[in-house]
Amino acid sequence: MMNITAPVRHTNYSLNPGDELNDLRMSEQVRPLCDRVRKFIRETVQPISAEIEKLPENKADRWSFTPAHLELIEKAKSKAKAEGLWNFFLPNAHTGEGMKNLDFAYIAAELGKDLLAPEAMNCGAPDTGNMEVLERIGTPEQKEKWLKPLLNGQIRSAYAMTEPNVASSDAKNISTTAKLVGDEWVINGEKYFIFGAGDPRCKIMIVMVKTSPDAPPSKQQSQILVPKDTPGVEIIGPMHVFGQDHAPRGHMHLRFNNVRVPKENILFGEGRGFEISQIRLGPGRIHHCMRIIGKAEKALDMMVRRGLTREAFGKKIARLGVNLQMIALARCEIEAMRLMVLKAAKAMDVLGNKETRVWVSMINAMVPERASRIIDQAIQMHGATGISNWTPLAEMYTDVRQLRMTDGPDEVHWMVVGRHELSME
Amino acid sequence: MMNITAPVRHTNYSLNPGDELNDLRMSEQVRPLCDRVRKFIRETVQPISAEIEKLPENKADRWSFTPAHLELIEKAKSKAKAEGLWNFFLPNAHTGEGMKNLDFAYIAAELGKDLLAPEAMNCGAPDTGNMEVLERIGTPEQKEKWLKPLLNGQIRSAYAMTEPNVASSDAKNISTTAKLVGDEWVINGEKYFIFGAGDPRCKIMIVMVKTSPDAPPSKQQSQILVPKDTPGVEIIGPMHVFGQDHAPRGHMHLRFNNVRVPKENILFGEGRGFEISQIRLGPGRIHHCMRIIGKAEKALDMMVRRGLTREAFGKKIARLGVNLQMIALARCEIEAMRLMVLKAAKAMDVLGNKETRVWVSMINAMVPERASRIIDQAIQMHGATGISNWTPLAEMYTDVRQLRMTDGPDEVHWMVVGRHELSME
Amino acid sequence: MMNITAPVRHTNYSLNPGDELNDLRMSEQVRPLCDRVRKFIRETVQPISAEIEKLPENKADRWSFTPAHLELIEKAKSKAKAEGLWNFFLPNAHTGEGMKNLDFAYIAAELGKDLLAPEAMNCGAPDTGNMEVLERIGTPEQKEKWLKPLLNGQIRSAYAMTEPNVASSDAKNISTTAKLVGDEWVINGEKYFIFGAGDPRCKIMIVMVKTSPDAPPSKQQSQILVPKDTPGVEIIGPMHVFGQDHAPRGHMHLRFNNVRVPKENILFGEGRGFEISQIRLGPGRIHHCMRIIGKAEKALDMMVRRGLTREAFGKKIARLGVNLQMIALARCEIEAMRLMVLKAAKAMDVLGNKETRVWVSMINAMVPERASRIIDQAIQMHGATGISNWTPLAEMYTDVRQLRMTDGPDEVHWMVVGRHELSME
Amino acid sequence: MMNITAPVRHTNYSLNPGDELNDLRMSEQVRPLCDRVRKFIRETVQPISAEIEKLPENKADRWSFTPAHLELIEKAKSKAKAEGLWNFFLPNAHTGEGMKNLDFAYIAAELGKDLLAPEAMNCGAPDTGNMEVLERIGTPEQKEKWLKPLLNGQIRSAYAMTEPNVASSDAKNISTTAKLVGDEWVINGEKYFIFGAGDPRCKIMIVMVKTSPDAPPSKQQSQILVPKDTPGVEIIGPMHVFGQDHAPRGHMHLRFNNVRVPKENILFGEGRGFEISQIRLGPGRIHHCMRIIGKAEKALDMMVRRGLTREAFGKKIARLGVNLQMIALARCEIEAMRLMVLKAAKAMDVLGNKETRVWVSMINAMVPERASRIIDQAIQMHGATGISNWTPLAEMYTDVRQLRMTDGPDEVHWMVVGRHELSME
């Protein structure tokens, strides 16, 4: 007979369960900042967003901004700077101390309420990740040349990781190569779904490349700075997402044709590509998750309103069939997801990025899928209106659905969590 | 203690379980026709479709067809006529006998393989339903004026049922009114998601209206013929489906502003709107379901190919994690859905539309949802490529997702099945 | 077009999201107590449990304890008393202050690790709930007569609520009546699944009855003290749970045949039955949920061990097919459930039972169902062994499955959550 | 860009979809037999079953039948023989022709309606499979000695395949060995969950053993006849299923301690164990599936009755919340499962067992899991009554749940279906 009396394994989850890791409050000192961000979005950003919404489409060139559009964006940015709501996400260069991940998670929930908000306060993806990386491991020259204008909001950036021809969710498959020829790296390969690379203001890209094919698998990759205007950088065109090209920002399909950049453009050193990924991915994913939860909350809100204003078969549809239970389930899932993301953020603050990897994978595996489902149910409760241009639901759906793949497919996150569980034995 | 010994209820499902209803073969006489349809699609329609695919976009007016486009469509139609593959879906006017639903289900599976195929053989929605209705209950004048050109493929038609301002899935909620003023019906109201109404060749619409608000609930509605060019018919614009407008066909948003049509334009008689719905909905839904199953089969096929050509973490992705089980489950669901649709078609042939309503609701509740799920899993297995314009999966998804609402929301179909089950007691 | 710009509703969930409600740590002062409880269970209770396990079955009378069995139970109890680990769950009678729900949630997780632990420390169901009710709203006489021996561990008690003949999940349906005849309540009716009523040491029951059929629906019920040996209290027999009778404790089926108790036996006053339910149900459910999570954790642990020690088709079964994802999902669900229960407990501490009702329903709707699923998956990964007497999994399953109904069916909890969501509009 | 224009693979599923394989009617000639079976069960078997139900428990020896019990069983058997309803499942020894699988599927649905029915007509598991194997590949001596008394209903038999110490779902793992020593096979090993081996009338077992460890993996196993009374056959005891031992039949735990049987007891030849499995498993599983569908139908029936007779929150519970949709979904799943099983049976008749393996795995993967879910929902709709001894639901649940493992775990069936799908490429 099997031995069933062995004690349950002690895990980093259950050890000291009531300790600091379970204090999920925002810190006292960040609370006023969070209030100011919330107020700034409501009073400044949202009115500017509404103006932008009313601007005529740029039919001449969908892939550039009209001057009126750019002016409104810059207006929001300069107001944010004036109020000191600028770059607050960034760790202090000298002390290494920055905003706690837990605190930023709360702020990210606010930023998610308006599409313009992150850019207005210079904390939009992928710039935040790129700035964070440059701040932590950039050379003084790299900082001067690229971090400074990014911090000033003068340029934007892209992060080129995903490839069309391999399963790049297993980063070891990366096939874009960079070879050192004299004093230059010569880059060849293809990337796709590169967010923001179509934005005319994007000037610099961090590109994941294979530099050392003969090194151990986790030391073969490097990250390298490639100015977008380098000869050989070919923007083939936008990838559509459920038929949309999202001009003028887009998710670009790029080809690197013998692109040459100086030797110094490598970040952190050859073969350290994966180490850099650890810096950027954790916090970014927490912020993504909080934004997604914001969308799920919005979808639930729309379900409730719709459910209370429509009638069929003699009843408000909120009370018809499975709808009430769908609403209740959405509430439970949202609250559970929120607590999980806060706990992951806290774990990052207390235990560091590496120890927290499994928590980050847990929320990445859970949040986009469950939020997709909630938004899908909100669509269903709106009938045909739900997939139309009369509600934001269809766009919310495709946006979140996309994140089930482009931020690492669900399946890889489940694998990370599962393997961690096995390894605790 | 409860009585648990009562015999299980006898139902129309389980009575004579092995009888004629379970003979789901295509009839011998239709088999050659089905072969000819399959061959015609492969050899004639698909090449023409490929030519159409290569035509330049009609940038001048997205809401009309270019002459080259129209010419290709007409070419396919005249070839079909020449081969006698034209209007074969239609019951014989004199004998009342037509193709069996079961047989047409098999043919519908073939028609679903090419977007142009249904129109080429004059059996595309919503024309088939409209022609069937006119054939069965139209007056000689109505047949002469509208059925004849429809049968000749000279014009197209629309069916205007869904409304934006009420839950029209409960058809009793229909709010568009038609009032008899002198010899004319005066129509006022709003409809949306009216498929094909934007096609410049669409000349006639059948419109569901409320004519008799004081009659019993199921006798208040009528269906009425409204020529699209009647003054007061306002095409407000296309409804987007997940951001796409599907020009030049589209799903139109219409308003009827004091639209006047002659008294004789009413179909079948005042208050008989629901009776007409019974004629059109059953067979049409069976065909829809077979088309959707065709898409699910295509998605499964793409999953398998992808799964066998990509590798990650040292394995073909078809063998990674849950993927193999997803593939197996898709196969099971597809086979089960196919058998259910065939049985529903057979039941329609044997028991008639009315007795078969519950079967039609069963397949409508099952098929679009499960096919959506299969396509979604195929998307997931393709990574970001799956939502891009590099595969048809995103479009297949939105197309099928849409049918979970526009052909009656899943929830209404579940309700019909559930109520039927309760009523058998 | 619908108004989609209205702000998302402010809810008690999202208001001040980072405040005190999110501090889910155990309090500093309770931490040592929790450690002592953990140590006491490990060093004292578990060895005694193991001795009990080895006792021969009481074949003569399965519905009584053997003297050896009783002696061992009493030994555990006197050791707990000696260590001061006795009745610590109870609020102070004078100050009204007791252990925080959040703190007790952590302790409940420990208590769940051994079946004997709760009784050993006099905090087993349903005695805790009964003692809490008596403590808060009992008269001095009621306290003297019943609370005192309960607090001393001299007797045990039962709570008779569920009825076989009505859907008593809607408590308004309660059909057992109590009529005042002279100075006595005369009780008639039937109850079932009354846990602990078969225990020979059970001396007193709190019975939910209908006293005031003409009052408003929420004022018709009362709770009343009925000594088990009162004439007319008929124990018909045990209810089986998946075929088990759980002698000598059992879930009893009772009939009240003209049972007469003194007028003073009513608790809190006529028509206040629902108010009393509020006192008992909230905290009890939080403790239940923590125990269930403990079982889910045990099931996950067994899945991992089994998965790493069995091989099939050339691989450890933990890495076969969907198993790794099942393991990962179980971990995510467990962590999310734990955080939700802690938050519900905290909400009870901060906002009070009434405001927290929706949180209690959220965890009751989520936890037993998801834990059932996790245990079921652990069974599946054990093959036939999983349902056999070689593992505790089958018993864990039926135990948790049962709680999806006997502690209020899932459906009622979903309804409470859904209605609350609608009412926030 | 990927090639998306390749034609969908042609599969054995979709080829000639309307042909003979889709004729799922019972054959004309079997129809009268099916009617007679139905009548015999209703008029003869069920009354005898009811008498057996009322017999007092055999407290003296739970593992034997009382004479009264045996007498009633024999009475049913002799009546069946008298009516010619005996052994009708069996293929003709000379012509090789037997009842079609499709026809027997319909009859199996009838047999599933009473626990005694299969034994009464000598077509109960595992005897049918054992007789079929002996009939097809037994030697004249084996037939004379074991098939004859089995066909006469004088003895019963068991099939010993599953092992406790390995994942025997991968049959290559079988660890019970048989070594040829002189003229005898010497068998050592352990088996468990051997159904019927506890029945005192069981005289013979077919045991799966490893005879040729050095042969290729699929040629290492053999099946061998072992009389139950052979020295060294040790019945360790019954395996419990969710706490039940199912005396006097039970699922036995056996050990073979140097069990010696004559060389001639091997079936079909050394190393042909897997070939024999193909003979027995296919048809048996189809019959299992039909029986399970019968249980699902019974559960749905009970859901409907309960739903229409209970009220809560002012409504019949069938119309409350998700219940109506659960009922509708159950109906859809039952009809889809039934068609799938009939199609698998037909495929077996037309294509043979080997080609049909994927169909058998499809129904084994779908049917027990979905039926479990339907029964579980019926339990939920009955509240605590559903898990009690007042309904058969709890027993139905554990019975079907068990088949998700003991007849090959779901996961293995999914794997077979998935691999087949990949291999069609």
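So that you can tell them apart, the chains are marked A, B, C and D in the order they are listed, and the count of residues begins at 1 in each.
Here is the rule we go by: a contact is a pair of C-beta atoms (placed from the backbone, for glycine too) under 8 Å apart; a residue touches a chain by one contact, two chains touch by 3 or more.
By chain, with names taken from UniProt: A, B, C, D = Acyl-CoA dehydrogenase.
All values reported here derive from a predicted model rather than from experimental measurement.
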- Can you grab the rotation angle between chain A (Acyl-CoA dehydrogenase) and chain C (Acyl-CoA dehydrogenase)? Superpose on CA, round to the nearest 5°. 180
- Copies chain A (Acyl-CoA dehydrogenase), chain B (Acyl-CoA dehydrogenase): same or different interface, half of numbers shared as the threshold? same
- Calculate how many whole Å lie between the centre of chain C (Acyl-CoA dehydrogenase) and the centre of chain D (Acyl-CoA dehydrogenase), each centre taken as the average of the chain's C-alpha atoms. 39
- Task: Going through chain D (Acyl-CoA dehydrogenase) residue by residue, note those that touch at least 2 other chains and give them in order.
- Result: 321-322, 324-325, 385, 390, 411, 414-415
- Note on the structure: Residue set of chain C (Acyl-CoA dehydrogenase) touching chain A (Acyl-CoA dehydrogenase) in the complex reads 1-2, 4, 6, 8-9, 13-14, 17-20, 22-26, 31, 34, 106, 109, 297-298, 300-302, 304-305, 307-308, 318, 324-325, 327-329, 331-332, 335-340, 342-343, 362, 365-366, 385, 390-392, 411, 414-419, 421-422, 424-425
- Note on the structure: In the complex, the residues of chain C (Acyl-CoA dehydrogenase) that touch chain B (Acyl-CoA dehydrogenase) are 321-322, 324-325
- What part of chain A (Acyl-CoA dehydrogenase) is in contact with chain B (Acyl-CoA dehydrogenase) in the complex they form? 162, 164, 166-167, 169-170, 173, 192-193, 239-244, 310-313, 317, 320-323, 379-380, 383-390, 394-395, 397-398, 401-402, 404-406, 409-411, 414-415
